[in-house]
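I have a structure here, written as structure tokens, and I will follow up with some questions on it.
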């Protein structure tokens, strides 16, 4: 192997690349800059700065016709703390939690199977999971609506099979919304878990079984803890966007299931009350951010 | 029978060259004919008259985009071709213009047209307010024109270029939001009543009562628009108030009514209401004229109603933003769109009400649509149509809160 | 499989049967999930052949909608745009996301926890907020650049792509990071003990081991970009339309079967890609 042949750096000229590599290895600061720099810069300019502007909006007043009147006020935040709006928030969190749980229950075993398939098949299977999502989101949602209607395919099939005699009301209910959310975010759960399981050393399973563990124990005490980063990542990637979903609850909920993003949308667009919309957005962001950090803190302690 | 008459009418139009083959095929497809049937039909009927020869007149387009299209008379003499810019950016609702008309404009005037689309007035405003420039012609609805005028976003129109404004029905001009039509020219207009299935509910529904206090067979099969002002407005009108009423008493009565109605509502949707009607999932739908016609095309037992207590009227308008880079071409385009034949074809394609009186009188609009009182209501019905107007900051907040309460209940 | 090998060497336990039922259930889960994921897609494809605008009743087979779609200029342009934006966005996001994941897992610096929190923000922020924030930001920037340098930039595919990268790379970072955590560093240490420098270690050891995570992240980024609506809408310029924008606009008048036809074509194209890459892999290994 090429590496073995290079016996000791003192026996050949040091290339500029090696010098750079050494510098990078020794100076933690430089390395951090190179690695974290691009992401940080992009984030700063194309995210933080714009968001700061919107944050500023949340302290302003709504001018006539929906412009922004720059007088400092806290009224937007005060207005949010009203049971009407808080309830919307709680409903969103609840539906998002349900979605995450279901995605976890379906997604973990799924990712497990893919990770254990022959190497050749793995990428293909992953892509097969994602292909439905390369068609258009709206078209898929409409197709789901078609399936769920009272006169839709699922109801017709169930009635034909004689399992029910009156059509089930599935569409325009919270059930439909959760179904739509699970449908939309399942890959976000599967991919990180897959990444985590794939590098899991399965000889540990053998070892555990030799030590007398049954399948459940193997799972709970060996597999799960070591694939926890994937589970955590997946949960975050499903929960957070679910909380902020608005097209799905709008279409599949028939406008009857109002989630927090629908509220925000309403403020920005219909009522043109950008300050209030911004305030609600920031409350949402703050709470979700706090919850995320808490979740990770817990996750880290569990691993040890 | 109705269907056959429609088909016959369209075939006649096509034979006379008033309807393009492409449009005919599209419409026949909408009615449910298979392509096999359509081909046969067209072959059988053929075209009795050859397409009119391309007209001469007007300066030939400097870009060489082809000879002027048939049936038009080239660039009118009050338009100076040397002032026409080479491009035009049209920001319009989706499927809200006949694409053949755009092509014809391009060929006649030698101006390249790019069209982008949006799906709501609010999206349009948010984009323009956020600073998007580059759009030459936009199509805001009535209340949005009012807002944009107040925000100083619109360019006054030059009527020495837009001479075809005289073709517009005076009833549609001088609306509350732009009394002198300084900034806007009406484009299409319609109402927001409701459509219902006569097969299930009979022929004679006339009141909002059927929507807000529905009969047993309609319960759970009602679709309302997903629009604060429309829905609360309808409730207010049913209760005898004006649609722009903001008093606490009126709003709390409206709230009671809407909360009581909610268990019977299948969905609040401005986009799917026609689909749900046609599929039979909904028996009554709060709906805009154009969508109502579209649904009726597919399910002939549907009937559109302008309720006796009143209903909203709305109008979409052609405007030019202040930041438009191609103002001359923009106004020439607006002038073009209001030629009777063009306006007629457009109205037939989009199936909304045209404010172009000349188009109606010169027979460019489909008779079926012309005779539909839901689309072109008689004068006495105009009395009970109301415009949605801006209700000020406090009013807007009240409506918003009420709407949130209803939707989250 | 190693698990079953373990069975034959262990004693007195009916583990074999339990593992079989376990695996049956697992495969059942996979099968049902695929059914779940593909059911709407199949429905949509079937109705793209329906000779009626309505999506309720089957009225006969036709390819009319495909013809119509193929002649639709707007759709073609939109599809091209979507693809270009998605490819560029995926490439850049994957690189930046991987670097960021490495930064978070492998380095220490003072503001790290702040950086970490900030990294989650694009995932947390509601799309509409980010959309409008970017719109306002770009506008201010363009105005500023115009005044200071006379540089006239405009909204267009560029602004959309920048926006897409901004919200995609954190997703990539999260996925790659999951892979990095608990990474077995002994392999890397072994390589370095053998004399490899940092770059070689990274390139020949770390990167290949990281690759599944990177690929997973890239796929995610691609998916996010190609289907985005809200942020794209607010940051698109004149004439720059993408598929989601185009379709969303049309949906106002109801989903016509030609939209279904388009989606079916996209579906078939993707499947073709997968099959061909499978075939390529098989040829390489045989």
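Labels A, B and C are assigned to the chains in the order they are written; within every chain, residues are numbered from 1.
As a working rule, contacts are C-beta pairs under 8 Å (C-beta built on N, C-alpha and C of every residue); 3 or more make two chains touch, one makes a residue touch a chain.
Owing to the predicted nature of the structure, the values given are computational and were not obtained by experimental measurement.
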Handout entry: Graph distance between subunit A and subunit C, where chains that touch are linked
Key = 1
Practice task
Give the label of the chain whose average Cα location is farthest from that of subunit C.
Solution key: B
Handout entry: Distance between chain centroids, defined by C-alpha means - subunit A, subunit C (Å)
Key = 13
Handout entry: Gap in Å, rounded to a whole number, between the CA centres of subunit C and subunit B
Key = 38
Problem - Computed distance of Cα centres, subunit B from subunit A, in Å - result: 40
Fill in the blank from the handout: Where subunit C touches two or more other chains at once, the residues are 55-56, 132, 136, 140, 248, 251
Fill in the blank from the handout: Flagged in subunit B as touching 2+ other chains are 123, 126, 272, 279
Practice task
Enumerate the residues of subunit A that touch no fewer than two other chains.
Solution key: 151, 268-269
Handout entry: subunit B contact footprint on subunit A (complex, rising order)
Key = 62, 64-67, 84-85, 87-88, 91, 145, 149-151, 172, 250-251, 254-256, 258, 263, 266-273
Handout entry: List of subunit C residues in touch with subunit A within their complex
Key = 1-3, 5-6, 10, 15, 18-19, 22, 25-27, 29-30, 33-34, 36-41, 43-44, 47, 55-56, 95-97, 99-100, 102-104, 106-109, 115, 117-130, 132-134, 136-137, 140, 162-163, 165-167, 169-171, 173-179, 181-184, 191, 194-200, 204, 209, 212-213, 215-217, 219-220, 222-223, 226-227, 229, 243-244, 247-248, 251, 255, 259-260, 262-264, 266-267, 270-271, 273-274, 277-278, 281-282, 285
Fill in the blank from the handout: The residues of subunit A that touch subunit C in their complex are 3-4, 6-9, 17-18, 21-22, 24-25, 28-29, 31-32, 34-40, 42-43, 46-51, 53-54, 106, 109-110, 112-114, 116, 120, 122-124, 126-140, 142-144, 146-147, 151, 153, 183, 186-188, 191-192, 194-196, 198-199, 201-203, 205-206, 209-210, 214-215, 226, 229-230, 232-234, 236-237, 240-241, 244, 246-247, 260-261, 264-265, 268-269, 274, 277-278, 281, 284-285, 288-289, 292-293
Completion exercise
Within the complex, subunit C is touched by subunit B residues 29-30, 32, 34-36, 89, 93-95, 114-119, 123, 126-127, 130-132, 134-135, 270-272, 274-275, 278-279, 291, 294, 298
Problem - Touch list for subunit B against partner subunit A, complex - result: 120, 122-123, 125-126, 129, 147, 150-151, 226, 228, 262, 265-269, 272, 279-281, 390, 392-393, 396-397, 400-401, 403-405, 407-408
